[in-house]
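See the structures that follow.
Each of the next two complexes has subunit A plus one other chain: subunit B in the first, subunit C in the second.
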Partner chain A sequence: MTWSGEIDRVHIGATKQEGGTRSRVCTVGGAKNLPFLEGASEMPLIALEICDDTGSWSPIVLAYTGDVTRDAGEWAKKAEKEFGADLVRLHLTSTRKRGFSDVRGVRTTIEAVLQGTGLPLIIEGSNEPSVDSEVFSACGEAAAGERALLGTAEADRYRSVAAAAVAFGHGVIAQSPIDINLAKQLNILLHEIGMPHDRIVIDPFTGALGYGFEYSYSVMERIRTAALKGDTDLAMPMISAAADSLNIKEVREAPQEVRDETAVMWEFCAAFSAAVAGAEIVCVRHPRTLEKLKKGFAHLAGEG
Partner chain B sequence: MPVVTFLPSYRKVEVERGTTVLEAAQKANLNLNVVCGGQGKCGKCVIYRQSGETEFDREKYALFFTPEELERGASLACKTLVLGDLYVEIPESTLIQEQKILMESKAADVPVLPSVTKYYVEMSPPTLEDPSPDLTRLLWRIEKQGGPSVRKIFAPLPILRELSRTLRENNWMVTATVAIVPGGYRLIHIEGGDTQARLYGAAVDLGTTTIVVTVRSLIDGAILAVASNYNRQIGTGEDILSRVNYARKSGLARLQQLAAESINRALHSACNMAKIDMDDIFELEIAGNTVMTHLLLGIDPEYMIAEPYVPVVRRSIYTTAEHLSLDAHRTAGVYFFPSVSNFIGGDVVGDILTCGMGEREDVSLLVDMGTNFEVVLGNKDWMFSCAGAAGPALEGAEVLFGMRANPGAIEKVRIETRPFQVHYETINQIKPRGICGSGMIDLLAELLRSCFIDRTGRLDITSSNPRIRQGEYYPEFVVVPKDDTEIGKDIVITENDIQNLIMSKAAILAACYTLMDAAGINKDDIGMIYLAGAFGNYLNRLNAITIGLIPEVPVDRIETIGNGALAGANIALINRDRRNALDTIAHEIAYIELNADPTFMDRYTSSCFLPHTDLSLFPTVEKMLAECRLRKEE
Partner chain C sequence: MALKALDIYKILPKKNCKECGFPTCLAFAMKIASGKADPATCPYLDEETRQKLGAATRPPIRLVRIGVGPRKVVVGEETVLFRHDKTFYHPPGLMVEIPDTWSPGQVKVVAAQIENEMFTRVGQDLFLSGVAIRNVSGAADTFQKTVAAIEEMVSLPEILISDHPEVLEAGLIECGTYRPLLCAATDANYTSFCRLATKFGCPLTVRAGSVEGLANLTTKCVQEGVEDLVMDPAATTPREFLALSTQIRKAAIERTVPAVGYPVYCDTTTYPDPDAACALGVLKYGSLIVTRPLEYSRKLAFLTLRQNIYTDPQKPIQMAPGLYPVNSPGRESPLLITVNFSLTYFTVLGYLEGAKIPCHLLVVDTEGLSVLTAVAAGKLNETLVRESLKKFGAEEAVSHRTLVLPGYAAPISGRVEEMTGWKVMVGPRDAADLPEFLEKEMG
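And then the complex of A and B:
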């Protein structure tokens, strides 16, 4: 089957030659066919998610990962050297606290992570309109030249993150609530305020397995087939993070001895399926999920 | 009993203690604005207590008032109880104003060929040589004067009982009124002398909220008066569903009575204006939605509101005024427009008749806009229809400063960016009090063009323009600063208002595309778009396209037909051939149930964008918006 469309290529990370400090550049997109078929893009990339305030992070992940979780820079280093992540996704969870004002701290964290790893970076900023502008501009500036991916733009608050991305040469994650039309609309909005198509990554929003994942799956499929059929407003790579996977009842209430395994399998199933549906980047939190996914993708590609 | 005095008119009324001020006002024949039917939900029936004792829960309804207003004694008439003698001031904004109602010229150039005719006849009395019966003598004379033949006219028993006396008392000089009814010709009245000049009819738009009546001469078709009145059923519930529920709780007779009273009130005013006797009205044409039609006929609508949604009847119905307690001649024929389905009623059939789309080869798209909208697509050979809920935003409800098309409503808006200036026009050129539907469509289009909102309708709060600000709950745009308004408050449009408007327009646009896709046609195949509905008369057509209320066609292919139900009833009133065609038109329209169409939701979401997610459907708007963005960047 030949399709008329092609997915835009988005580059994340900049090496020294390109004005950054990353040891490599991740390129996602370029697919001319559905995933894992001939003409599909490269193997899906796996981002390990870390954060700067572990208050709301899964205790399972914290226990497994160990003391480095107290220092985002060290955590990022371990993600690269020990766990083998392709990218690091830094959640600035400190900005989600009530009365947040420590914008300097945000800069310091980003700088530490950039020091800790040479991997390309995804930075998730605040989630509160009153501080968005300040936080995103700090994120953009602290990572200037690194061609990071900034998140998250949504239809009702995309201006701050897009402004920072445009000003400092980063890409943006465009998240919409599991709806192909809303995904398209957000891409248009971003484009209309000056965001080039090849710096947008679609996050169609992923529910945890058993908690709406099937909706996410079919929306990803629809987005991808629409793009391959020639809809340029949807022809961007996709990122998927079933972030709730580790907090669901089945994991929380699993018997102690199988809890770790349950958590990993739950994360794995959603991330793996998302890649099958078309996601170019899947994000996970448990290092063992990452390991499993690598094997799974290789297997699916006939390399395992 | 306490006496309530209403200022500034000093109208007085005596009521029971514990009556609401609203009921007292109604008793005093003051029409207050009660959009919600007196449930304390709409906040429109504001009154000011001058003196006297009342009961009103100020905290519960605080959201409708500023502290200053409460200080001045403001309360809601529907929730204020009269506890003793009382003086209340009713501000002008609380009274229902005559809405701008235009008689469409479309209905004016229809040949006059009414269903009722009067014949003045002079007969010779019977003799032994010519002993033919009274009736034969009368009918024979009618035939001689160009009327229908003797055998074709049916004379009902009540007429026969009066006949001999009427003929003899009037010296064999009488006027006979003959109507065309479904069974043929019927002699409906006979009176002494020559009254041929006094033959009138009324066209009635029976709306859920408003009733409009036109009184016309059936001799030359002249329009003598137009009058309107709120549908008094509003007191039993604002929307159709609550009316049906009221009917189910054994309130059917009451609803029938209220509908008849509402029409009668409008008829009274129209006849007063026209200086004619209501007894000379011999024909009424009624176009109403299916539920309203059932209710006025006193037919139980219960099975229409639940699956599988069936009405009792959809064909046209003919009865007489006395059966419905309508104030016309008691034998006057009352003709009800046929319906297509529950949701496509006689009002829409009236629109179709008015725009004439059922008589032409080229394809027309008809959109009747209101809280509930109806869309019809087709030509003389085929028609598809659908209906849905658009919400009341385009009619001024659910929008902070929204109002009906009453005096003081902003109906036109233009925004200049360099230098920045907001131009607007109000109805009757008085200081603005709010914004009506056409003003909101202009506003949305202009905000989009000036790049103050994005295509989801969100205001650019980062803009340096002081008219854009964070309101109490939502970002807002100041349309008119308070010093220039009648109400002493800034007139704003909030982001929430804009969202409501976008949802309304999206439902309508998605319905248009659903029908177009069902018929396999695109926007270029549409010969004409007809817009009917309350604000159809004043709509800026280019702006309606700019926001994606309707598909993009060249503006000269868009025509507003205003109140199509009323215009249609008028056409049927003065031309019996057109009236006869109605059943055929209605019968051949296919109805598409949007709820059963899985693609509708997709179309709706992609229409929740200005003008639409897919700009290739709106090439002119695409070009215009690109130019606007360029201009902004300069």
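And then the complex of A and C:
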């Protein structure tokens, strides 16, 4: 298939030469065709999601991953060294507590994660408008120079996160609820307040397999084909995280002896399919999903 | 490309004789264009026109039926490259491989499981589709015995896999009348495979590693009189499968290579990573997917993926709105409100039935939107709740005047209370917590 458009390249992470401390840089984008066909971009990257307050994290993942989950820095290290992640996505879940005020703690966590791993970082700040500004600027500053990806910008709350990204040289994740027009609008808004196109990653929102995934799959295909047909406002790489996968009924209620396997298959199917639909970065929480995806992508990319 | 009504009209005889059953040639042309009439019903077409119209108006991908009875697998007749362009119509058959070297016991267990094991999701029954019996032994009688053993026990659609026509024929003696799919004819042996397919009236798989190769082979098979064909692109990696299946789908629906207008076969057992291959087959145009036996987690995940990809993107699976009794409620039992998105209804119902709590479930018409989506879209509102209470007789069904809203509908609770005059309780967000909530709050 031949198309006229091309997906923008976004770099995540900065090495010492570039003013950061990362041991490598991830580049996503550059596709001139649908995923895994001739002229598509590189292999999709896999981010392992970790957090700084495990209260709402899947007990399946916590049990499998073990004690390191109490220390985000150690967790990040393990994500790189043991699990083989391409990126680490840190969710600052501590900011979601009612009455949150520990901004200093956020900085400490980010520093620990940067110490723990040399991988490029995605940082998910607060999701509470009243603390957004403080939290995002703390994130931006703590990771200054590292060219991280900050999340998440949404149509009605994108200013704080974008301001932090612009001020400290990071990229942003632009999330819209499964709707190509809303995705486009948000990109335009971000562009207007100074985010260059090559620092935006689209998150079209991914419902879990069996819980809205079909809509997400199709909106990704629509966004990608629109971009390849030449719509530059949608020509950014996409990120997909079917975050609810481990909370759904089929996984929660799977028989004990196959619960891990069910969790892994559920994450795998959504993440693998998202990559086939166009996502350049897929995010998962179970370390074994990561391993399985790596293998799947390698075969699809023709490397094995 | 498909011909437009006017193009069709131009080549019709223009006698307006009505013998086709339509008042004018133009009316007939319009029906042909929309696929609702068969060109052959006009007796005055010359052979060339008939062929031209036939090729342009038959579905771009042939419908192929494998097996008989309620579990038969029907694939093909797809019309788009992306599901968002319209929808995907015929979910792929997930066919479980049974080698003829297995012990009778093993064959029995696996075949019975495929026939009997079912998952119900969103009110739909999901199961694996059939068996793919593979001649690994090399012996015709061993193959025949395995087919016979399976035939005796289950009535599932079958694929018979062997490179040797005499082996297949041995299997066909046992199951030839049940439309098994033969697999696979190549350029070297297609005449003998076509003879078998014709003799037993079975569909046939052809195998070639390129679009041209497949087109050649299907054309030859059609000349031999076999039209129910399935194509195995013989890819060696998932990447190659994706490239070929995409080319094939495109060439077929755009009718640039009409000879590849047949369903695609995907044998995941030949790939180093069968899970990735299976998911890929479901997503990207596989119509018959052969897999090793799948244990619980894989089976459920792949069946759900298939269900997702093959639902109509334009209309969510919906429930009829109404007042549903759950666990034989009485007039004092609680009244709960939910929406008519099937996924939501069955999720809630599952927890209520699991906890054996008698109650009335009022399903309101949000046009198939989930609770959170309907609230965000303004579709789940106080007017809808009030009208639904009246319309479905909630006032007569219960003696009390308290209703329970889903947790995500909290933003509208005040207005619902005002407009309906009912006391409103806001339930939990997650239906899993509903039983505990009902026990605590309603006693």
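One rule holds in what follows: the second predicted complex is superposed on the first by the 304 of 304 C-alpha atoms of A that agree within 3 Å, B and C clash if a C-alpha of one lies under 4 Å from a C-alpha of the other, contacts with A are read in each partner's own complex, and residues count from 1 in each chain.
The rule we apply is simple: contacts are C-beta pairs under 8 Å (C-beta built on N, C-alpha and C of every residue); 3 or more make two chains touch, one makes a residue touch a chain.
Note that the structure is predicted; figures quoted are calculated from it, not measured.
K.L.:
Sticking to the clash and touch definitions up top, decide whether subunit B and subunit C on subunit A clash or fit.
P.N.:
Superposition check on subunit A shows subunit B and subunit C fit without a clash.
K.L.:
Now for A:68: first (subunit B), second (subunit C), both, or neither, which partner does it touch?
P.N.:
So A:68 meets neither subunit B nor subunit C here.
K.L.:
Which partner chains sit in contact with A:181 here, subunit B, subunit C, both or neither? Use first/second/both/neither.
P.N.:
A:181 contacts subunit B only, not subunit C.
K.L.:
So which one touches more of the residues on subunit A, subunit B or subunit C?
P.N.:
C
K.L.:
Once the two structures are overlaid on A, work out the angle subunit B-subunit A-subunit C from the Cα centres, in steps of 10 degrees.
P.N.:
Taking the centre of subunit A as apex, the angle works out to 70 degrees.
K.L.:
Should A:159 be classified as contacting the first partner (subunit B), the second (subunit C), both, or neither?
P.N.:
first
K.L.:
For A:192, decide between first (touching subunit B), second (touching subunit C), both and neither.
P.N.:
So A:192 only meets subunit B here.
K.L.:
With the superposition applied, I'd like the minimum CA-CA separation between subunit B and subunit C in Å.
P.N.:
Minimum C-alpha separation, subunit B to subunit C, in the superposed model is 8 Å.
K.L.:
Touching subunit B and also subunit C: which subunit A residues?
P.N.:
none
K.L.:
In their complex, what parts of subunit B are in touch with subunit A?
P.N.:
Residues in contact with subunit A: 454-456, 458, 460, 462, 602, 605-606, 608-609, 613, 629.
K.L.:
For the complex, give me every residue of subunit C touching subunit A.
P.N.:
82-84, 121, 237-240, 242-243, 246, 250, 271-273, 275-277, 279-280, 283-284, 295-298, 300-302, 304-305, 307-309, 311, 313, 343, 347, 350, 370, 376, 432
K.L.:
Spell out the residues on subunit A that touch subunit C in their complex, using ranges where they run on.
P.N.:
Interface residues on subunit A, with respect to subunit C: 1, 34, 36-38, 177, 209-215, 217-219, 221-222, 225, 249-250, 252, 254-255, 258, 261-262, 264-266, 268-269, 272-273, 276-277, 292, 295-297, 299-302, 304.
K.L.:
Can you list the residues on subunit A that touch subunit B in the complex?
P.N.:
Counting only subunit A, the residues touching subunit B are 133, 155-156, 159, 163, 179-182, 184-185, 188-189, 192-193, 233.
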